[in-house]
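In the two complexes below, chain A is the common chain; its partner is chain B in one and chain C in the other.
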Partner chain A sequence: MQKETFNYDNKIVRNFAVATAIWGVIGMLVGVTIASQLFDPLYNFSSRYISFGRLRPLHTNAMIFAFVGNAIFMGVYYSLQRLMKTRMFSDKLSTIHFWGWQLIILAAVITLPLGLTSSKEYAELEWPIDIAIALIWVVFGWNMFGTIYQRREKHLYVAIWFYIATFITVAMLHIVNSFALPVDLFKSYSAFAGVQDALVQWWYGHNAVAFFLTTPFLGLMYYFMPKMANRPVYSYKLSILHFWSLIFLYIWAGPHHLLYSSLPDWAQTLGVVFSIMLIAPSWGGMLNGLLTLRGAWDRVRDDAMLKFMVVGLTCYGMATFEGPMLALKNVNAIAHFTDWIVAHVHVGALGWNGLLTFAILYYIIPRIYETKMYSKKAVNVHFWLATLGILFYAIPMYFSGFTQGLMWKEFTVDGMLKYPNFLETTLQILPMHMLRAFGGTLYLTGACIMVWNLWKTARTGKLVANEAAEAYPMVKEVKGEVQVAYWHRWIEKRPTQLLIFSFIAVAIGGVVEFVPAFLVESNVKTIPSVTPYSPLELEGRDIYIREGCNNCHSQQVRPFRSETVRYGEYSKSGENVYDHPHLWGSKRTGPDLARAGNTASKIYKDAGWHYQHMKDPRSTSEGSIMPAYPWLIAEDGDYSKIEGKITVMRKLGVPYVENYEMIAQEDLDKQAEKISNFLLKEKGIKVAKEKEIVALIAYLHKLGRDINTKEVATSE
Partner chain B sequence: MGKMIGYVEGADVYLIIALLIFLGVFIIAAIYMNLMSKEQITELANLPLDNTNNETNEKQN
Partner chain C sequence: MKNRISLTILGAIATLGVFAQSTEAVASGGFSTPLLWIIYLVIGLLLLITYVLFLISRELKRYVTGESNTPEAKMWDGRSSWEKIFQLKPVGTDKDTLIDEPHDGIYELDNPPPPWFMFLFYGCIVIAAVYFVRFSMTDYGYTQEEEYVAEMKAAEVQQTANVSEEDLNIDESNVVALTDELAIAAGKKLYIQNCKVCHADGGKGLVGPNLTDEFWKQGGGAKNIFKTIKYGVIEKGMTAWKGTLNPKKMQEVTSYILSLEGTNPEGAKEPEGEKWVPGEETDTAPADSSANAEVAVQ
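Moving on to the complex of A and B:
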């Protein structure tokens, strides 16, 4: 049989490589900006569009979906063609995929600073963009499976298993987590509420880390590590065990993000148990990668690409050991809501995803341009800047996290909180925030050097857009032949079966966690005194979401004495049954606000204080790093959609009385007038009832208010 | 582990089912892995390094 000649499509690989580099630098620049805002609010530049609450989701989206996303596609398009000995299935689909993904990112860059957000962490984009993501993801899958089906190589190398699992799981996570009912083109409400929304959100959030930041990169590691080391992977058997164990276990671990919350205990424990078990497959993968270098460690000294890979894998090992430790309830009690989590995330993101991406870029660009790296010295400089950047980032953040966690919990000998003013704990860690910004700047500088070096490399060569290759055609198996060899080859050679089995493995965890949480009524105990939001409170809540307040303020008081003394009664699931979406948050740069409207809470402040605080936070809280929100005071709220909002909420199960939407505007005006009058008469502050600040105050005063009564009768 | 799970109110059923499912998947994967021949493993592990020819197909031809 004759060999067949064909071409690899390097142009699409180049395009994704360019996008990776550009979006990477932009995302890191936004990261350094928000890191600076966290030690000096001056860097918010009094602009609503670049205030921390709006920029933070832009940073996470840019780094995850633009930088890492494009890197995944670059690596997959390069390795898949070579592993399958064929060109990509369709150049048109490749082009649609590339430009579609870039447009989605562009849409995020425009909408997030405008405050158009669903507020769901790592899934903030509004529903039309969500639909676009799903469609483009399908295009990617179509192209990938088309390529696999037209392959010349019978065996599906383990890297491709990881790509397939990534495709199916991300599709499942994205679609379920994005269930929402639109009010208009730019506004929607999550289909889930309160504790159920939190469970879905962190099932998605945790597994976005697992199946967007981990499994595709493990696939890339299994391809590029042997290529760079020029030796096969240490243990192919281990890679198989690693694959099935990892994808099965990862999906269950989401609830560890909700420890000590009002999520049912059984679900929390499930998350803890599976998180601990995750150490085994995670370390299996890391060791398999590192041991691939057995007998070739001397090459690491001279080859900067391998340095990036080794440190990247080591960061993966550290992050995947630390993750399960953080899932232990006693560790989580201190670490959750603090900078410790930020450090943990960045060891994974900067170390594992960042360094592997850099190594892959350095591997691919000279090859597709048929040249050598322009400056090996610059690659080494980049390596050291990136490594030092990670250290300067992570170490201060760990220090900051321990400091916060311990200060929040410290009592005096008299049994009083030692730091009753939350601000004291924030001021204590500002030097750490400065060092973190320095670390980020080092990392960004390294990335800029890389972009320059890659650009110069490309200039010295010429893109081989269609790289010639040849291979024997694949011989079709006679039906039944496969059973004669190994029964397990039934999966290994068949992408459809692999897809189905991967889907079953990842779906089981979600089903076991969701079905009882959604169907067993006792899991979400209702509280009769908790009422739906009034129209003005609902509008205030939407302003809170728009400004990204949940990025710095949690709304979940944990059942610790240190928290109940500071904030008031611990949170219960029944309080959030009308919260579409939930706003529990994951970080406390500022205090928890779940009891902000409960007059019995020490955290309660009157309308006048809130007005002054939003106008100039330092006037009420000296040294505060919160940005000012003058536009809330200057501008009228647009409440023209209140009728639609009430209607959508009712459709989602919020018990507004029939036709309430018809009088919602009237109710809104009445409540706004009351607050406006209070501010004028009691505080001497003249503010028109139409201003946005009035709605925000109404919302803040709703938080925890419904349980501020001794006669609260609960079904508990 | 069983003893620890017992202390978590209402969690026993979910945890035990989850652990059993995982154990099942793990055992199947381990058997699967061990049934593979050394020759096949070497062949698969070398796939990324096979730049020019797909040797398996060549052999079959």
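Moving on to the complex of A and C:
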């Protein structure tokens, strides 16, 4: 048999590498900016476009989809060609994939600061961009499967199992979570409401971590670790075990983001137990990686690239052990909504995704440029800056998380909250936030050194755009030929079946959790007194979404004494039935607002207070780190789309009476006038009814209000 | 084999903890009593000692029978401590487990996953199953609502533990203003903690009305003020405090507020409501707000 010759496409790998490096630095810069905003609101620079609420989604999107996303594609395009012994299926698809993805990121960079957001965490982009993501993702899958089908290797290596599972699961998650009905090109409402929206959102959010930040990187680890260490993979059987168990179990664990919320108890329990079961499958990947280094540990001392891999894998191990611990209800009770969670995700993101990406860049660039790294010393400096950066980031944030979590819950001996003023607990942790920003700066500095080093490296070499390679063609198996092999070999030769079985494995968890949550009525107990938002409240809610208030303020009072005393009655699922999308949030940088409109709640503030607070938060709350929102007071709201909004909401099942959209504008004016009059008469504040602040106040005063009337009704 | 058995026993004991948590433990914050931890510790120590004794006896046996002199035994003994802890084969045996089909030059070994890993894998599944059965299928579990009710009950017991029967019986029908300095000082402290946010320093008024003049929106005098504090004025934004402050404390705050009358602080808010003439016992506090107040404290 003759060997066939062909070329690997290195240019596409290089392109993705450049994109990874550039977006990485930009995303980290945004990260350092918002970290600074969290100890001094000065860093919001009084600009609406870079205020925390709008910039934070940009940071998360840039890190996940731009930095990590491009890194995945870089690694996959490099390793897939070599593992399949063929060039990528279509250069044209590769190009469309590359530029399409960069345009999507560019669209995110433009729309998110403009406040065009769906508010769903890690899926903030509006519907046209969502569609573009789906299309480009299909292009990626098409190109990948095209390559696999024209392969010269019989068996698919474990890395490729992970790539396939990643492809199919991300497609499923993205499409389901993005179901929405558009009002216009830039605005849509989630198809799901309240507790169901939250369940879908965290099924997505949790598994974005699993299938965008974890499985593709495990695949990359399985290729690059043995390559870098020049050692065999420790255990083939372990890779089979942890691949299938990981993808099957991960999907179920989403509800652990909603512990003690109004999600039904049974779903929360599922979230807990599947998180516990995830420990071993997650660790399987770390073990197989670290044990692959056996016999090469002496090299770790001298090779900074391997150091990145080892610390990265260790961070992965720590984060995946911590995750299940945080999913235990008694730990979650303290940790949820605090900086602890932020520390946890950053150990994963900076440690696992960041360090592995750096190592892979250091591996690939000199190879495709046929040269050596320009400065080995700089690689080493980068390693230490990155590691120190992670420590300076994580340790203060853990400290801050414990501190605040415990302060929220502390009662005095005579049974009162020790820190009744939420702001006190925020001021306590500001020094920790400064240290965190310093840690982030170290990490960013390291990344900048890397970019310089890679640039210099590329300059000393020359890109081998088409790398020559040769391999024997694949031999068709004769049917009935006796084969003595491990059972799993069967599926390793069948990419289509692997795709289907992966899909089945990942679909089960979602189906079991969604079907009862959507169909069994007892899961969302209706409260008759809960009414849909008035037109003005709905517009106010959209302003709340636009400004990203939900990035710092949760809307979910948990059933704890420390929360009901602080905020009022705990949240019920029936209260959120008209919330398309839900706005429960995941972090309390400021106090919870679920009862902001309930006059029986200590969190209630009148319209005058809200006006002053939005104009200058420091005037009502000394030392507050909330940004000011002067534009809400200065500018008129654009309510021209209220008709369409009401219509869309009705289509989604909100019971507005027939033809209500016709008089919506009128109702909106009336309510706005009432608030404007109140401000003038009672508070001496002159504010025209058209101003955005009026709508926002109307919305805030709707929050958690309806439950009162109901309780009165039943108690009478 | 033997250490796998001991690990299993250890795991089983650890899972017992999931059952051991009673609702009383939940009320105290979900943590078990110290006694339980001591028992765990003792059992753990005993198991550890047993395991060490087992290792020593095994080594002795190998030494006595001369098993430890074969080349293979030497390779196993030569493993690093980490390799022993992780129950790994010596690197030298890798060639025996190499699968001969490399992928782009990457070989795979046919090592089984380390035994402790498999224990972790199945152990977690067992714990998860026990947890699931307990909380979703039996009466031994509890819902978060039950947990909350228990927590609130415990708080109520704790809050009223040191308050005399007499003080607990203070209500709007029998309350009198206290005039002793101690009570006023206690009231002031409570005022600063809870009321200052809205009524400002010294009761000069901010979001809430001025408390230093003789004009009252809900009626002046100890009984009306006590009632307003207790049930709140929900529609105006005044919180009901009866779930947070015990009757004695509400009496102290009432007394402090009454002590402020006529202080004329600088920057005081304009008077609101009607002039209160002492001795006039008309009840102007809204009677229907108590139903709303009920919700606030539940």
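Points worth noting:
As a working rule, the second predicted complex is superposed on the first by the 699 of 716 C-alpha atoms of A that agree within 3 Å, B and C clash if a C-alpha of one lies under 4 Å from a C-alpha of the other, contacts with A are read in each partner's own complex, and residues count from 1 in each chain.
Rule of thumb we're sticking to: contacts are C-beta pairs under 8 Å (C-beta built on N, C-alpha and C of every residue); 3 or more make two chains touch, one makes a residue touch a chain.
Everything numeric here is computed off the predicted structure, so don't read it as measured data.
Superposition of the two complexes onto chain A shows a clash between chain B and chain C.
When both complexes are overlaid on chain A, the residue A:E153 reaches chain B and chain C alike. By the touch criterion defined above, A:N10 lies against neither chain B nor chain C after alignment on the C-alpha atoms of chain A.
With both structures placed on the common chain, the touch criterion links A:E470 to chain B but leaves chain C unconnected. By the touch criterion defined above, A:L241 reaches both chain B and chain C. When chain B and chain C are set side by side, the one touching more residues of chain A is C. In the superposition on chain A, A:T441 makes contact with neither chain B nor chain C.
In the superposed model, A:T33 makes contact with neither chain B nor chain C. Look at A:M277: by the touch rule set out above, it reaches both chain B and chain C.
Judged by the touch definition given at the top, the superposed model places A:P226 against both chain B and chain C.
Within the superposed three-chain model, A:S554 lies out of touch with both chain B and chain C [touch as defined at top]. When both complexes are aligned on chain A by C-alpha atoms, chain A residues 79, 82-83, 85, 153, 155, 157-158, 223, 226-227, 232-233, 236-237, 241, 245, 265-266, 269-270, 273-274, 277 touch chain B in the first and chain C in the second.
Remark: chain C residues 29-31, 83, 86, 88, 91, 94, 98-99, 101, 103-114, 117, 120-121, 124-125, 127-129, 131-132, 135-136, 143-145, 147-148, 151-152, 155, 158-159, 193-194, 197, 207, 232, 234-237, 239-240, 243-246, 249, 291-296, 298 touch chain A in the complex. Contact residues on chain A toward chain C in their complex (touch as defined above): 79, 82-83, 85, 153, 155, 157-158, 223, 226-227, 232-239, 241, 245, 260, 265-266, 268-270, 272-274, 276-281, 283-284, 287, 291, 294-295, 329-330, 333, 411, 414-416, 420-421, 559-561, 564-565, 568-570, 599-602, 604-606, 608-609, 707-708, 711-712, 715-716.
Against chain A, the residues of chain B that register as touching in their complex are 5, 8-11, 14-15, 17-19, 21-22, 25-26, 28-30, 32-37, 40-49, 51-54, 56-58, 60-61.
The touching residues of chain A, when paired with chain B in their complex, are 1, 3, 79, 82-83, 85, 152-155, 157-159, 222-223, 226-227, 230-233, 236-237, 240-241, 244-245, 248-249, 252, 264-267, 269-270, 273-274, 277, 469-475, 486-488, 505, 508-509, 512, 516.
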